[in-house]
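Common to both upcoming complexes is chain A, partnered first by chain B, then by chain C.
On to the complex of A and B.
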């Protein structure tokens, strides 16, 4: 029996009624009087010099109120392309008109003269000397050249001794790696622990493969939208569909040079985010600029096609990976070299390449990662950014090793998993973690140990780790004369976080969940709040709400002490009333009475304040098992069973937690089996839901979720961030199941029917 | 969307006269047209709705027992019609493959065919039913066999002002079946579609018809394969020959969905499967 009455219970979401009835206000529902419609003018070329932009015809179109280009950005920060475009769909200008059709027509009337340049879309082509240079001529060294160059630099620095012979030998050695001069590199990241060469030398089995993961879109249901209104005093109000209103506020301030507190960002109900709804320039900045120029509110809303050509999806990646192990199943070394397709921006998720280490005791590890520019839009976060890609490579290859040494994939993983106190390769030591418990839980629930597979059927297992972030947050809790409590904060509700905050508050104040209401403020009114992404909300806002409720709790006891003339040590808050401990006859005073009493006290009303920013988080594991059946003639794969366990620390709202596990698992399944942004000579060629397939409920059986609770010391009630982990293992889970079914490893996602047929053919089918 | 004039004629003659003008489009269910207009790939100056013209919708069993399907019949009605399911299962199964239920409640079979996509899901079923397409215009009426309707992707023999009114299905098969190759279980476009219909006499195939979608510039019949089957009992060997002959009849393209080679292989696989099922049902 739980010691808690509200947390740990499945409760209806605070926003259930407004969502079900359609009353929730999304970005496109905002319609201030006099609003104009904005449209972004986009490049029709993937790589070209801009020779001219002629807006004269468009300006003559009746109903057009403003046309802006980079010349209209007073700060000079890049909002629109000027001399060169780097991808199909890159913004060049924006139009505001009285009607959306007029705005669209005006956008078409703007004449852009291009000088078309050669295009490169494939990362492995983009790094070659033969590729067009997109943003810089600079070249970077690959792993071997880096190492040799470092030695040369070290020897050259030693002026005391003569190393010229050694140096010339090393310089000759450099020449052995002509393919390791990489171009179009946007960023790089390198980590190392132990000595991988030694590890491979000591291994009985060494497997080396290359895995290819496509770029995928977050496909939130609501495309980006913002409505901006700039008044004559310079005050700017932005209704934004975003995960982080405060980040949008500082982003707009920084981009346009507007004082921070002259901007009010009002977050509208979010139609999904998954990490893709943090961008500042995407629609918000053009809307503000158009409103400033016209003096009227302006809405800029992306179409689904615009989302695909100019959203900020998850990066695709090519990972060369090598693992060595002993015949008795001990992993000794792993090496990875990754090229992330960062498109027109820098970086992508290169830092996440380190996740190839998984949750295993790998004494020797070397990871080299490069971000590569291509003629695509930039990328951004998508649910555990970078982890699904890296873990797909790591967990696929782990099964190949298990297969070679003839070991059960679950036992092989359990044997190598880290526990509390074990060193994390290229990291600190593990705190108390629940890796083994989580994998064992999924194996038991799925029936792994006595699994059966018919013809063309197979089972796959994989695990993925992720640690929630944390960030600043502030919460106020007020208690009213009717004994109810109201929460005020500034964090966007994502997948039921307002519900979780309400549960924690009710728990501390010992009142029913239904007696708590929650209000989100805008950036003008609410205390600062970190963005709702990175699985931070439960950790940050849960802790913050707990502090605020505890602060209110303290004031409640103080008031009761005054009112009852008792020392607080003799008082306790229980069931919505303060009781005198062990009083006979019982003596108590209700929260409502105390709230009413507080209004005439010197100390005043019951207002609890909670403020929080940072504490160490604890890693969480998601473990999944799939059973599939593959049609060897058509290559189609059917999922027969999909079981997902996850260490959530503590499930504050179990149904919401299960929803997160199911959602993340389905997104991972989709990435494995069907989702893929495809690129042709001139950019994205599947910018819509006809040829960019997201699964429907008909594609999957019910995902069985298994909650594992190994408490996080600093999480509220032990809770860990839940949102991101479940997507991390599914790509490999599916690939491993397909391998088990057909006997051939598919290393390039998605596992489309055609690839399966080809793979089987190569295997003699 | 560009501005346009909207007409709701109540007679075919009136509709045909309007449609004979340039830059006009017919509106049946609108599930293709409206999307095209929003994407600006279609920008008609006039849109002529067929919805107020009586007599264009519904599945009718004619006096001779044959079935006819009005062009304005909703795809969902074709899918659920007991008569279509019984005599032309391949057509009902093809209808069931289109979009979602919501789409099928709007889309019409006439629109699915007149749009002339080689990948249309009802077309293979109509091909194996030997459908006759009734066409009306201000100048009168005519009828063309379905396999002579299409001239290329998005192209038909229809002349300006001609409107498809009805599909007549003269040859009920004793067994038919449609399979669509796709990635997603529902709401996917056909990578390829194959329908087969057979008539059996004591185990011998007296007639066989195979319709292929999305494997050539127009939907086609695999006549070579049909000829192999006629007069024979279905054996494993004959199935293989028929599959190969159907694959040889196809001339698919490679595109973002899959390669020509994969399409051709799937014609082989799915021809064998549809035939087997059609014979089992006969």
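On to the complex of A and C.
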């Protein structure tokens, strides 16, 4: 039996009724009186010089109230393209009209003259000298050239000694790597531990492959939307569907030069985010500009097509990876070189390449990563940003090694997994983690040890890790005369975090969950809160709520001590009342009575405050096993079983935790098997659900989730963030299962039927 | 643009409206009548977020021109609970955790209601296929199916 009564229990969410009755107010449900409809005018070319923008025809259309371009951005910060566009769909102007159809018509009437430029969409093409230079002429050395050049620079700085011989030798060595100069590089990241060359030399088996992971869209079901209202005093109110209202507030302030106090961002209920809902320019800034210009509220809402051409999806990536191990199963070295398709904005996710190290003791590691500009929209976070891509490469190759040395993939992983105190390659030492427990749990639950596979069937396993972030947050909790408690804060809830905060508050105040209500404020009223991304909310707001409730708890005992004339040491809060410890006859005073009493005291009402910013968090592992059946004629893969375990530290609301595991796993499945943003000669060619298929209930069986609890020392009740880990291993889980079924390794995602048929053919089928 | 008279019954209330022929039923429900519970996820008929019930059938309202819905009986998510009592599907979505962000939920609930009205005796596999026109990006569908099966059981035992 748990020592807790509210946390650790499955409860219905605080927003349950509004979500099932259609009452919840999402961004597009906000409709202030006199509202106009905005529409963004977008480039129809993937790479072009803009020769002219002619708005005259559009202005004449009845119902059009404003048209803005970059000339209307007083701060000069780039909101719309002016002289050059870098991708299909890049914003050039925006229209506000009295009706959404009129706005769309007007947008079509704006004439843009382009001078088309050569386009490059493929990362491996973009890095070549022959590629058009998109954002700068700068070229970067590849890893080998980098090291040699650094040595040359170092030697030439030493003026005391003569290094000319050595330098000319190094310069000759540079000649060996003529192709290692990369173009269109937007960012780079490098890390190293030990000596990989030595590690490979000592290995019995060395495997080298290139993995290709496509760009995919977060595909939150609610497209981006904002409603802005600028009043005549200059105050701007923005109803924004965003994961981080405070970030949007500072983003608008920075972009448009409006003082922070003049901006109020009201976070609306949000139809999913998955990391993709932090952008400021995307709809919020155009809405504000249009409202400032017209003096009326304006809604800017993206269509699904706009989401695909101008959202901020997850970057695709090409990873060359090499691993060495001994015949008895010890991994000795791993090296990776990654090129991330950053599109028009620099470098999202590239730092995650380090995750190729996985959760294994790899003494020698070298990771080099580059972000590459292409003619695509910029990218952003998508659930554990960068991890699924890197872990797909790492975990796929791990199976290839296990296969070569004839070891069971689960045993091979268990043997190499780090434990508490082990050094993390190119990192600190491992805290207490539950890696082995989590993998063992999934193996047991899936029946791995006595697995059977019929014809064309296969089993795959993989693990993925993620460490939740944390950030600043504030919570107030008030206790009322009826014994209920009210929470006030500013953090966005997507997946049930308000419920978690309510559970923690109820637990500490020893009242029923139903006696707690919660309210989210806007940026004008609520204490600052970090954005809801990076699995931060449970860790951050859970801790914050706990501090606030503990603060209220202190005040409650203080009041009871006054009221009952007893020392606080003799008092305890239990079942919603303060009791005198071992009093006979029992003596107590209820929370409601204390709250009523507090109103006439010098100290005043019961208000607890919690404020929190940083604590070290602990890595969490997700481990998954899939059983698949591949039809060799059609290439179709059917999932027969999908089991996902995860170390969640402590499950505050188990039903919500399971929901995260199931949802994340299915997103990983989709990335592995079906999703891919495709690009033709002139930009994205599959901007809709017909051509960009996401899974439906018909594509999958039940996902079996297994909760593992290895408490995190600084998490509230030991809880870890749970949102991100489950997507990290699924890409490899699926690829490994397909390999087991067909005997051929598919290294390029998604594993579509045609690729399976192709692979089988190449294998002599 | 010229407007046409359209008469609809929505959740029992009659509406006599003047509507441009290009407006969809979804736009009429959300923008003209102000019932925003029905969601717009794609406006191309591919996600099911806009599902409402028209004369007893589940329909993606983004694919229906408002003028063609004249004279029809429409039920939206707002009209499902009666006398403050949630419909078994709504209650089941709460109890099983069948939603996360909730954006797909009105569409799923309306589609499920029609399936249960037609035949609550479907197997899980049949429900999985019958709900294949609705996209949920959050839940992975496991808990949605649990909800629908639970509601089906409830409907069977009370029928």
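Please note the rule applied: the second predicted complex is superposed on the first by the 765 of 765 C-alpha atoms of A that agree within 3 Å, B and C clash if a C-alpha of one lies under 4 Å from a C-alpha of the other, contacts with A are read in each partner's own complex, and residues count from 1 in each chain.
Going forward, contacts are C-beta pairs under 8 Å (C-beta built on N, C-alpha and C of every residue); 3 or more make two chains touch, one makes a residue touch a chain.
This structure is a prediction, so every number in the text was calculated from the model and none was measured.
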First (chain B), second (chain C), both or neither: which does A:634 touch? first
Once the structures are superposed on A, label A:33 by its partner contacts, choosing first (chain B), second (chain C), both or neither. neither
Scan A:753 for contacts with chain B and chain C and give back first, second, both or neither. first
Thinking of the overlay built on chain A, is A:428 touched by chain B (first), by chain C (second), by both, or by neither? neither
Examine A:686 and indicate which partner it touches, taking first as chain B and second as chain C; both and neither are also allowed. first
Counting only touches as set out at the top, which of chain B and chain C does A:674 meet: first, second, both, neither? first
One more residue to check, A:656. First (chain B), second (chain C), both or neither? second
Counting residues of chain A touched by each of chain B and chain C, the higher count belongs to C
Would you mind listing the overlap between the chain B footprint and the chain C footprint on chain A? 101, 690, 695-696, 698
Given the complex with chain B, which residues does chain A contribute to the contact? 101, 104-105, 108, 305, 633-634, 636, 673-674, 678, 680, 685-686, 690-691, 693, 695-696, 698-699, 752-754, 757
Can you list the residues on chain B that touch chain A in the complex? 1-3, 39-40, 181, 183-189, 191, 256-259, 262, 265-266, 269-270
Help me check something: in the complex, which residues belonging to chain A touch chain C? 10, 12-13, 15-17, 19-26, 28-29, 31, 100-101, 218-223, 269-274, 303-304, 494-496, 655-656, 658-659, 662-667, 688-690, 694-698, 700, 702-703, 705
Show me the residue ranges of chain C that touch chain A in the complex, using the header's touch definition. 20, 22-23, 27, 30-31, 34-44, 46-47, 49, 76-78, 80-81, 86, 90-91, 93-97, 99-106, 109, 124, 127-129, 131-145
